[in-house]
Structure formats: structure tokens, C-alpha cells
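Reviewing the structure listed below.
Labels run A, B, C and D following the written order; every chain starts at residue 1.
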Amino acid sequence: MSTGQLIGNGIAAFLTLCIFSFLYKDNPFYKFAERLVAGVATGYFTMLLFWTNFIPKVWEPLYERHEIIYIIPTILGIIMWTRFSKKWAWVSRYSIAFYIGIGSGVAVTLALYTYLFKQLQATIAFPISMDVAGINQLLVVVAVLASLIYFFFSTPHKGAFGVASKLGIYVIMIGFGAGFGLTVMGRIALLVNRVIFLKGYLIALFGG
Amino acid sequence: MNIFEKIMKVDRRWVYLAIGLAVSIPAVYELVATYILKKENTTINIPITPSPEVKKVYDFVESMKPGEHLFICVDYDPSSMAELNPMTTAIVNQAFAKDIKIIFVTLSQFGPGLVEQITSSLAAAHNKVRGEDYAFLGYRPYPAITILAMGVDFRVPFPEDYYGTPLDSLPIMDGIKNFNNLKGVIELTSGNTADFWITYGNGRYGFPLALGITGVMSANYYQYLSSDQLLGIIPGVKGAAEYEELVGFPGDGKAQMAYQVIAHAVILVFIIISNIAFFGTRKRKGGMEGGAQ
Amino acid sequence: MDRVKFLIPTFILFIIAISCVPAAAADIVADSAIAILPPNVSDVIVSDKPNDPGGTLVVEWILPDSAALAAMPIKGVNIYLSGNHDGPFELITSLPKSALHYECSDLQDGESYYFKVTATANGLESDGITSAAGIPSGQWFNTERLPILIVVILFSITAITFIIKARGGYDFYVRPIAGIKAVDEAIGRATEMGRPILYVPGLGSAADVATIAAFTILARVAKKVVEYNTRVIVPNYDPVVMAICQEVVKEAYASAGKPELYDPKDVYFITQDQFPYTAAVNGVMLREKPATNFYMGMFYAESLVLAETGFVSGSIQIAGTDQLVQIPFFVSVCDFVLMGEELYAASAYLSREPQQLGTLKAQDLGKVTVVILIIIGVILSTIGMSGFANWFNVG
Amino acid sequence: MKREIPILIVGITGFAMLIQYFIPTDWSETIFTKSQDWIIIIGILSMPLGIWSLVKANVNKLKDPNEWFYSAVLLLGFLIMIVTCLNGENLSGNSIFNNIFNYVLVPIQSTIFSLLAFFIASAAYRAFRARSILATILLITAFLVMFRFMPLGPVSTINAKIVSWILQVPNMAANRAIMMGIGLGATATAMKIILGVERTYMGHD
């Protein structure tokens, strides 16, 4: 490690410990790191967006390529600044409306495709049979139906419907338990990486 | 307050401390072993039982004959290196040791650096020559289109390899037109490229496909095992450690496994203690109804 | 018709090809200098590529039967293109034998194109079969996506019907959802304790539907906040989301006739970076000690960091997200959770407007349809009719 | 003017994007990519609103004797990043900007992320108690899934099989059902917005 890297990693190690100190309780070191990173991150993203998005998406089309059509989104974006004024703030609704309109228009078909159709197709694509795979498929179908019934809003969950919805929430809970258990590995790995970083820094500082 | 109630209400910081210690033990052990005891091998050896889905991938590579071709797609970026690099290394080690020829491709923007890093170190260790024993074709965006094009001919998306050599001048590509000339594909990914390989790769061209994925992703891909669209899955660090165990090259996967096992054990012990305490308090409350609290 | 026209000659050729094979094999063994051409491909069909903007034709062919060709293994095919049936043909690509079709793009819509497909083997090439004319064209409607259009239309009709019915006074039953009932109580509790309410709208942008659902819930929360004379803090990740949250909260104060009490400093921007944002919200929780924390919208890995810190600071927590991976963490730590669809239903529940409840009814009818489709689909798959399942593979 | 026109804009753009999905022509594709570009442009041009909000709040706090130091740190961090990247080439390479990114931003980000290892343990400790049937199911499943890490020979082999089944059958079924619900809910909400039934995000006037 060069001296520069050693100093850099020293700062990194100090900030790592500042954040970890939060586990004990809120303290000035954590607060320092928290505010520092909020400032640095905002500065970082502002400049990143400026160079990688504003320049190629706004400046170049308008100023260099004279693509007049880009005036529309630019005006819509600048309209957002009316929010600085109390009197004219309502004008910004035009841009917000455009933003939300595009978002929800795309969402209708996207949600139907990725969430509904793909899942539906995957559920019904395999046959039920008397071997292990076939019986598992039968169980999957029953479990999917029960879980769907749990999400019914306009029918009282009573009688047979209530039994199905109860089975449904049990299945959902198994799913959540599995999801929780599976994630532990990845989260531990993150902490291990920090520990290995600190260890490497100690070795570089004293042992290396 | 009896002991059970105390355990139930234990300050969360004791839990934090336990996890912190659990994760530090292997690191401290390594430091002590290396610098104080001056030991050579500092990896904590944890017995590992390979799961069936990992064993299947291993058996598949093991069944290949020297000189046959394996295709490895490195589709992750540096942020998931910790989980996926160990399995890539283990597979490449196994294949090189068996004189299997490997073709690498990446569909991730940051993939080329990773592939170069892996191939350069492992090829040297196994005395393998680029262009003869392995090839790196490079990176292309648009995974679906690239996979479909490779199904026709690797030369369509990759007329030249990553280093600018035309594919026809690479000895390893002699007689290798598309997926039909390969034994199979192993896709290592931290993102949705796995879906493309399943739909457009295995779905369209029917080659044997195995996945190496991060632990968080694994829940979503087990379904393809039962439908035979995948021959096997290597999930996260644990899968990598199992693979290393099978191959017999202990690496970063096994090294990380020590941390994982201890941390998981600590959490499991906490859950058990918490439940014993829970039942303890319930019983006592039942027995001491109306009594002093 | 075209198909039939070509089937006859190709069939004849095919017969000839097959009958040639033993002889050809023998000849090659005896004297490789005598060149016997490889057998031709058959069934060369050109069609317009469906559901595309135009300019692309698809060529398909059938290779000669490989079993009969042991001595002359087909290596692949060459594809030639011409504007006339009789040529001149230009080689456009060579494909391996595994290829079954070829998409030729960058053609002119409305022009006629002819393709010649030849088989190659042992460095030799058959004389080839020329296709009928193919005329590329663009389509105006993607027929593969028809199922989605049908669903959109049916869904809209049902929703509008129920909305009209509801406006006419028709009353729907809606089952109680604990997380939604808790919203009002949680705000009351904040008032009693004299502490503020924290509302985190997540990391989504204003174009994400989950975030838009979060705005609606915020509107309700803000209204109650004004009623109870307490305070709501909304830290933001996205500037557009911030602008909308400000609008929503300001509106709540205005409609209660107390516009002067709205403090724009309470709805503010932190930073557009996941973990620095999380750290800052953690700080707010520990220092402002909100009585109730709401997490509504899109959450990723920060879900558990926020929820645990909120627990430590002793807040009641209500979460709602459509991010599947994060729901287990909210379920483990928060007091109430709106899981997936419940987040979307919450706006209807909270508004209590009949037309909003009408769409809930439409959602339920959608679920009934899904249940029926699953049952039918699995039965059909089990008896071997997998075509039904593919209908939902809309690409 | 203040409310009707925006709702009309939402309706028109939303409906246009909905229709666009079914039309495979070149201009339809162009509309899609351009609209996504335009949303990004509105987002970038809105950044000043966010920056103003952040800077104003922290400049105000400079007068607060308890807060001024932290706010100064935040403002300084922000300003340094802006100043060191006035030249776009400093985004990468060995620039001050990139070094602050590597030695300040990245370690803090990944450390906050790694706090999850502690939180997941304390959440498990508190939440996984057999209080009710639902909590017990959650507890048992999570326990078995985590237990697959324990190197206990034959017990592990059996557990691996159980976990594999849990992942392939109930877990997958639950995920699918929740996703289908989300699909319907998101569609209904988006339709309500396009039709103008849902308009709370707009405020009144």
C-alpha cells in the first residue's frame, strides 16, 4: 500500500468505525459521518448526473444537435422551479402530471406482464402427475390458489373461504420465513467484507 | 423479574456484540495464526456437505472429456464479487485441471475486468494458453439479442475476441460454431441475465445450463430445477464453498464459510434461547396468576 | 397455396436426394475426386416477420434427413438474396446446420424479395431452392400482446361499472385490514405523546405506482395530523417525490383551513443515495423520537435498517411495500404491514370514497378470473394441451 | 387551469403510453424511448429543488450552537464534491473527486449496508418467538433455512432436502400469489390515475 492509499484507507477505516459506533448508541461520531456522507453523496450525484445525464440528454441535443423537440422536456423540467415561488408553484403540476402520466401508462401493461402473466404462465405450464415433480406441482397450485384467496378484499373470510384464506396466509408466512433465512447469508457476507477490510488495514499498518 | 423475563428483554446490544464477535473470530484467528503462531495455512476447516443442486453442476463438468468445450458467462459486477468470484474460480480450476477448454463471455458492463483477473491468474497456475486452452470473447450489451446471436454463430456478436483476434484464427474456436458444439453453459450472475439464459438460451437452443447466483436470488430460481430447465444451481457463498469442497481447491468460498457458519450458529442459538425464555415466562405467568410481578 | 406449389418439386427432389445417398457415399469412398453435390434443403418458406415495425423477412427451410446422409453430413446452409426470382443472387449469410430460420432485416417494405437456400457439405454446395416472393411489411398491432389488451379492456370495463354502481349508492363489503385500521390510532397516539409522525415515502420515483399509492396514504395521514394538531416529518430521496409530498401535505393544511400552520421545512430532501439517505433517516428517528413511523412505497435493503432503528427509538411502525424481498423484514419488525396488493388497496380503504371501493371490487373479480384460469390451465397442461399456457407468454 | 389541465395531461400521456405498448412500429418505439428520456430530464432538472432544500435547511442550522458543526460538515462535503468535478474528466481516474468517492462515500455506504448483519440477528431474536401459529411458521421456516449452514453430516443432508422443497414449493407459491396480487393492484391504481379517479397527489386550489 502506498502512503496515499494508507491515508485514504485510514480515513475509510475511521469512518467505518464511526458508523459502527451507532450500534452502541447515537453519538457525535455517527452524526459526523452521517452528515458528511449526506453532503458528499449529494455532491457526487449532482456532478454525476450533470456529466452523464444533463450534458448528453439536455445540453448536446439542444445546443449542439439543435433537436428542437428536446425543448419540451427541458421546459417541463424548468417549470418545476416555479415551486420556489408561492404564487406560481401550481404551474409545476403540469410537469408532475406529465411525469405521473407516463409512469402510470407504462405501469399498466408492465405490471400485467411481469407480475400477472408471467407468474400465471409459470404456474400452469407444468402438468400434475403421480411422480414427485407432479405432486409438487399440485401442491404449488393449491398453495397459489389459497394465497390468492387471502388477498380477497370484498368477501368475508368465513367458511370454506376462510379455511382457504387461512391456508393462504400460512403459505405466505412460509415464504417470508424462507426469504428471511436466505437473506442472512448475504448480510453476513457484507459484514465479513468490512471486517476483512479492517483486518487488511491493520496488517498494512503494522504487519506489512 | 426472573431469568426468563430478563432474557426476553435482553438489551439488543448483547446480540450485536455476539454477532460482532462471531464475525471477528475467524479474522482474529487468522491474524494470530499468521503473525504470532506463524502458521502456513490459516483457513478454519469446516466440514461441508454438498447439496444435490451443487453436486449436479460438479458432476456435469466432471463428466466432460479433455478437449471438450465449456462455456462460462461471467455476468456479475464487482459489487457481488465476494459471493460469485469463489465459484467462478472453483469451476475454472476444475475445468483446467481436466484439460477442458473454456470459452468466456460477459454480458455485464463491468465483467471484462473480472474475467481478465480470473483467467490471467488461473491460466498461469495451470499452464494454459490463451487462444488454445481458453478464450475470452468480450462484452456485449443487450443480453437477449447477444444470446440469440450466439446460438446462430459466436462470430455474429463476436467477430473478434476481447483482444482483437478474429475468432477464426483462434485454435480453440476451430470447429466451434455455436452452442451445439459445446458441452454446456455455466452462467454466473448477480442480476436478471439468468432469466435471459433460461428463456433464450436453454429455451431456444436446448443446451445444458447451470446457474451460479447470489444467495438472495436463489429462492427465485429453484423452480427451474424441478422443470429441468437448469441442471444445477450454485447459490451464494455456501454453494461456492460446497463446490470448492468437491473440486478440492479450498478458496475464498471456504474461507468465508467459517464466518458464515459461526454467525448462523449464533443467530440460531439466540432464536432457541429466545424461545426457551418465551415458554418459560408463559408457564410461570400461568402458574402465578394474580401473584406478585 | 405457395406451400403446396413448392412441396411437390421439393418432395421429388427429396426422393432423388435420398435415392442418391448410398451411391454418393460409395462414390466418395471410392474416389473423392468425383464431386456429388449435397442434397438440397426443402420447404423454403419466406414470410413477413410478425409484430415488427417492418423491413424484416423470415426464411425457414428443412434440412435433408440426416439419418440418410451419414456419408455426406450437412455442414450448414448458405442463404442468397435477390430482387428477382431468377437472380442474380447475392450471398448474405452462411449458417450452421443447427439454424432453422433466418431473419433478414433492413429490407424495403412493399418490395418483393426472393431467397435461395443451399446446403453445404464437404466443401460442396447444392444448387439450392428458391423461395416464392416475400414482401416485408410493418404491423400496426402486436398480436402477441392481444391477451394483455383483452385483460386491460375487461378490467377497465369492470372497474368503470363498479365505480358507476358505487356512485349510484351501491354499498360494498370490505374486509378489515389491521394495518389500515391502525393508521388513525397511530396518529392519535402521537398526539397524546406530543411527538411527531415520520412518513418515509421510500426510494421509488414519482413514476412508480407504489410511490403514487404512498402519496395517497400520506394525504390521509396529513389530514389526520392537521386534525390532531401534531406534526408530520417527510424526508425525501427524490426531488420530484419531495415536490409532490409538499403539495400533498400543504393541501391537507389548506383544506382544514389552517394553511399558516404548514411548515415547508418538515417535507425536505436528504440525498439521492440509498445508504446515506438511510443514515440520515436513522438520525431523524433517534433525535426527533417520532411516535409513529410510516414506511410506504418502494424499499430495498434499507427496510430493516430503518425498521430496527425505529423499534429502538420506541415508535409504532406501519409499513407497506410491493417489494417482495423486503416484506419479511417489515413483517418481523413492524407492528403492522401492508403486504403487496394491500398497499394499493389502502388508498381505497382510507379514502372511503365509493368509487375507490369500486375498483377494489374489480381487483377481486380479477383474482376470481386468475383462480379460474389457473384451474383450467393446469387441467389442460395435465392432459397435454400446453398451448393454453403459452397464450400468456406475450413476449 | 390549475387542476383540470394537469389531470387531462395525466390522462392523455397515460393513455398514449398504454396504447403504445400494443403498436410495434418504429415511431411507437421512439415515443417509448423518448418518453423515458424526458422523464429523466425532468428528474435532472428538478435536482435544484432538492439541493436548495438541503442547503437552505443546513445554512439555517449554522446559527444553532448545537448543530452548526454538523451542518458545516455537510455543506463542506457537498461543496468540495461540486468544486472538484467542474471538469467532467475528474469523474474517474486518480482525481480528488474520485478519491473522496472511494475513501469516504464507498466505505460509509458499505458499512451502513453491513449494519444489516447486526439488525437481522436482533430482529430474528425478537420476532422469531412462537407467540402464535403464524409466528411459529415464520420461526420454523427461517430456522430450517438458516440451519442448512450447520455442518452436521446426515442431519444436514436431510435438512438440505427439506429446505430445497420449501424453496421450490410453498415459498415459490407464496411469491407467485403475492406477485399476482401486486400485478392487479398496480394495474388498478395506474388505471385509477389515468382515469382521474385518483388525484390526491395533485392537491387542490
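Criterion: a residue touches a chain if its C-beta (ideal position, glycine included) is under 8 Å from a C-beta of that chain, and two chains touch if they have at least 3 such contacts.
As the structure is a computational prediction, the values presented were derived from the model and not from experiment.
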{"item": "Two chains joined by the most C-beta pairs in contact, as defined above", "value": "A-D"}
{"item": "Remotest chain, subunit A as reference, centres from CA atoms", "value": "B"}
{"item": "Separation of mean Cα positions, subunit C and subunit B [Å, integer]", "value": "27"}
{"item": "Centre-to-centre distance between subunit D and subunit B (centres being mean Cα positions), rounded to whole Å", "value": "25"}
{"item": "CA centroid of subunit A to CA centroid of subunit D, Å", "value": "3"}
{"item": "Contacts with 2+ other chains: residues of subunit A", "value": "19, 22-23, 31, 33, 35, 37-38, 40-42, 44, 80, 83, 93, 96, 99-100, 102-104, 106-109, 111-112, 116-117, 120, 122-123, 125-126, 136-137, 141, 144, 148, 151, 172, 175-180, 182-185, 188, 191, 193"}
{"item": "Touching two or more other chains - residues of subunit B", "value": "12, 16, 19-20, 23, 216, 218-219, 223, 226, 238, 260, 263-264, 267"}
{"item": "Junction residues of subunit D, two or more chains touched", "value": "18, 21, 39, 42-43, 46-51, 54, 105, 108-110, 112-113, 115-118, 120, 122, 124, 126, 128, 138-139, 142-143, 146, 149, 167-168, 171-172, 175, 178-182, 184, 186-187, 189-191, 193, 201-203"}
{"item": "For the subunit B and subunit C complex, residues of the former touching the latter", "value": "12, 151-153, 177-180, 205, 216"}
{"item": "Subunit B-touching residues of subunit D, taken from the complex the two chains share", "value": "117-118, 120-122, 124-126, 128-131, 139, 142-143, 146-151, 153, 156-157, 160-161, 164, 167-168, 171-172, 175"}
{"item": "Subunit A residues within the subunit B interface of the complex", "value": "23-24, 122, 125-126, 133, 136-137, 178-179, 182-186, 188-189, 191-193, 195-196, 199, 202-203, 207"}
{"item": "Subunit B - residues contacting subunit A, complex", "value": "13, 16, 19-20, 23-24, 27, 30-31, 34-35, 82-83, 214-216, 218-219, 223, 226-227, 236-238, 256, 259-260, 263-264, 267"}
{"item": "Complex contacts: residues of subunit C adjacent to subunit A", "value": "145, 147-148, 151-152, 172-175, 177, 205-209, 212, 239-240, 243-244, 246-247, 270-273, 275-277, 279-280, 282-283, 286-287, 324-325, 327-329, 331-332, 339-342, 345, 360-361, 363-364, 367, 370-371, 373-375, 377-378, 380-384, 386, 388-390, 392-394"}
